[in-house]
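Look at the two complexes coming up: chain A is in both, with chain B in one and chain C in the other.
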Partner chain A sequence: MRFDLTVLVPHLGFLAEGALLTALVCGLALVGGVILGMVVAIARTSSNRVVNRIAAAYVDLFRNIPFIVQLFFFYYGLPEIGIFIDAFTTGVVALSIAGGAYASDAIRAGILAIDTGILEAAEVSGLSRRTIFRRIVLPIALRTSVRPLGSVLINMILTSSVLSTITLNELTGQAKIVASDTFRPFEVYFVLLVVYAALTYLVSLGIALLHRRLNRDLSEPVG
Partner chain B sequence: MLNVEQVRKTFGTVTVLDGVNLAVKPGEVVSILGSSGSGKSTLIRCINGLERLDGGRITVDDFDVSKPRELAEARKRSGTVFQLFNLYPHMTALQNITLAPIEVLKRSRAEAEDEGRALLASVGLGDRAEAYPAQLSGGQRQRVGICRALAMRPRYLLLDEVTSALDPEMTSEVLDILAKLASGGTTMLFVTHEIEFARQISDRVVFLEKGVLLVDLPTRDFFAAGGGLAQPRVAQFLSKMRKD
Partner chain C sequence: MRYTEFTPYDLVLLAQGLGVTVALFLGTSLIGLAVGTLWGIVRYYRVPGLTQIITFVAELLKNSPVLVQLFLVFFGFPAFFHLDLGPVGAAVITLSANTAAFVYVIAVSAIESIGRDQIEAARVFGLSRWQVLRHVIAPQAAAFSIGPLTALLVNQLQVTSLISVIGVMDLSKIGATLNLRTLKPFVVWSVVGLLYYLAAKLVATLGARIERRLRAHTAFRGL
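Up next is the complex of A and B:
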């Protein structure tokens, strides 16, 4: 067998379409996952028992079911009871929900790690709970949770390849088509793995930058 | 007037404060002495509403700290400086100071920052406004902590062992500032182990022992043979602290 990438040239545009769709789905799902993660982390650290339980149940539920099963349930199961959601929306929502469960754990750990003395200082200075959360709790929690959160986000990108199973022709979906058209699975999947690696590398780079920025007080020289 | 009346506080089966009475008038500097575990810090934490009372009443300018509605007003009138500084690590010295004035007192950013810089300059940190807590020494952090409390223009400054986490050199830089504040007429309730310093700056000294306020006397009387020293526990405490 010869390794010849030129056979893919006529299909590059087609593959790029898939890559773009992957980027779009992931972009939306990452935002959705992080927002959901924050909300759930807040709920899980809340002193309200009911809110707390519901949030914990959500996290347990979605972490304990294979993603592909959740996806099939949303896309092939729900129409049976009259709920039709298109593949793109299903993909974004399912990925956000699943990712949000993991993201909330990372953020929650960051919240719980905050020194209570700092929160007491904020409390006695008369700041409202809302302000304390927005200006103190969240920024400090993100300082520590941004790295684990990064792993969650990268995992979401990798998981997005499963979306091809619900007719959403993102990168993996398109690649499968090209592979069966050209009979050159080696080259096709070689390119695929390079593109995924590049995509996730970009995200980890962004996370590293964000981590540096959030912890800039610890990295800058004293003086 | 800061009034502590018959305050009781228990943690489980341990009684930490047992019927404490204390009144601090505006302009007064009152030091609280006592060995570790005597309830000094708990008393401060009751006054600023961090602990719920199990009995009695605390009012700050007639605002009852046990009533949620009045607690906010009471807290606006008192400022707390902590043993471990408790600065916000992700904010610069200046941001630490201006956060509450802007958010709680609704002051304009420019006004709050001007005042914050002036406060920092007054404690010798005029050039460190943009530094983060991690970039400051312990003494510098505590000076920022004092500025943060003062920025709210509190009528009562609560100081909870503010030099206990500092080495002697840093302790003196912080005490110098407190001495300046005391002579400037700032009302202070000062929990400390720095006995000599307490003697120099306080109008009154109180002594807590196992949650009971044993002695409450003007400073000179407290250290006089026939006054506070007449109490065996006080004499014992003072002689031990001075030996250390």
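Up next is the complex of A and C:
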């Protein structure tokens, strides 16, 4: 069979719809994941033993169980206890929870990397613990963990393809439909592979730029 | 008549699923390790042309969803190359190639972690490039790469769950089957998740043990 990409041309708009949905899901899950990651990172760096344990257990559990199992747990399990939400919401929630486990590790590393002198100075200045966290710890930690958070986002984009298994027609789901419409699965999935690779490459470029921009005062050449 | 209750036979099913998952995980990990290391050696010898191709393919495999790769091999290859692999064949090819791509990156950084001066000294003593690789680089690179490799394998164990989507009767697929029959998603997916979790912990523990042994002679013994 000839490798013919022109068969895909009529379906480009359809695929773009899927790509848009993928972007939307990943964007929402990124926000959810980072917020959850921040809370968990604070819990994991707290001196309270119990809070620390619970946070560590959450990270350990969600990092060591396959995403598809977590997803099915939520998708089939939630209606059982009377929570009826659609595939989109389930996908965003599951992706946020799984991403939050990874994000918390990145943010925790950022928090632990903060110079204790800064924290002591803040305490001596009489700032409350809340203010120290909100105004000093989090901004510094988030700034230094832009790069690891970026790889969390890239992983999220790749993982979001699994959402096609719960009838959410994002990029992979739409491509599945196109493949069965055109009977050209090889071309469709090959293009999809390249599109995902290009997408994640662009995202990683953007992250590198953001990292440089946010940390510009740290990378100034000395002297 | 519907069998909605759990039966003792379900345990056998779960064990079967776990067996398929573990077997595919071990098999594809071994193939992936061998291929990835081979790619790393090709790069070490700076084979012109081949090195660039390998790097490109590895990047493509690393930056696209495993699910799409699975679809490409499972649906695309039979249509395009008239090569019917079956679900297990497609799973083996995809997972091996995916593992190889990540192993390649680890192998490259492990080889590059060894100081140039060591290699130059060995070359001056008249060792061939192969002898340098075998006796100078390999032992140190192995110790260096065992940590990242363990993390990779824990991740790849979870990735194997995706093959349930193309119909391999692995642990996730057994979970889906039991879920459909008993309609008790919380119990089923918790048990499946727990089995994956325990398997992942086992891999991590084994990795840590091997790392301790490989690093035994470089460990700081105290003054």
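Convention: the second predicted complex is superposed on the first by the 217 of 223 C-alpha atoms of A that agree within 3 Å, B and C clash if a C-alpha of one lies under 4 Å from a C-alpha of the other, contacts with A are read in each partner's own complex, and residues count from 1 in each chain.
To be clear about the criterion, a contact is a pair of C-beta atoms (placed from the backbone, for glycine too) under 8 Å apart; a residue touches a chain by one contact, two chains touch by 3 or more.
The model shown is predicted, which means the values in this text are computed figures rather than measured ones.
> Should A:Ile136 be classified as contacting the first partner (chain B), the second (chain C), both, or neither?
Only chain B; A:Ile136 stays clear of chain C.
> Classify the contacts of A:His11 with the two partner chains as first (chain B alone), second (chain C alone), both, or neither.
neither
> Tell me which partner touches more residues of chain A in the superposed arrangement, chain B or chain C.
Larger number of chain A residues touched: C.
> Have a look at where A:Tyr196 lands relative to chain B and chain C in the superposition and call it first, second, both or neither.
Only chain C; A:Tyr196 stays clear of chain B.
> Per the contact definition in the header, classify A:Gly77: touching chain B only (first), chain C only (second), both, or neither.
So A:Gly77 only meets chain C here.
> Classify the contacts of A:Ile68 with the two partner chains as first (chain B alone), second (chain C alone), both, or neither.
The answer is second: A:Ile68 touches chain C but not chain B.
> Quick check for you: in the superposed arrangement, does A:Ser161 touch first (chain B), second (chain C), both or neither?
second
> Looking at A:Gly117, would you say it contacts chain B, chain C, both, or neither? Reply first, second, both or neither.
first
> With the two structures laid over each other on chain A, which partner does A:Pro185 touch: chain B (first), chain C (second), both, or neither?
second
> Go through chain A and flag every residue that touches chain B in one model and chain C in the other.
In the superposed arrangement, which is not itself an observed complex, chain A uses no residue for both chain B and chain C.
> Tell me, which parts of chain A touch chain B in their complex?
Touch list, chain A to chain B: 115, 117-118, 120-128, 131, 135-136, 139-140, 143, 214, 216-218, 220, 222-223.
> Okay, in this complex, where on chain B does chain A touch?
For chain B paired with chain A, touching residues are 48-50, 72, 75-76, 78-80, 82, 84, 86-90, 99-100, 103-104, 132-135, 148-149, 152.
> Given the complex with chain A, which residues does chain C contribute to the contact?
The touching residues are 59-60, 63-69, 71-72, 75-77, 79-80, 154, 158-162, 164-165, 172, 175-176, 179, 184-186, 189-190, 192-193, 196-197, 200-201.
> For the complex, give me every residue of chain A touching chain C.
1, 3, 61, 64-70, 72-73, 76-77, 80, 154, 158-162, 164-165, 172, 175-176, 179, 183-190, 192-194, 196-197, 200-201
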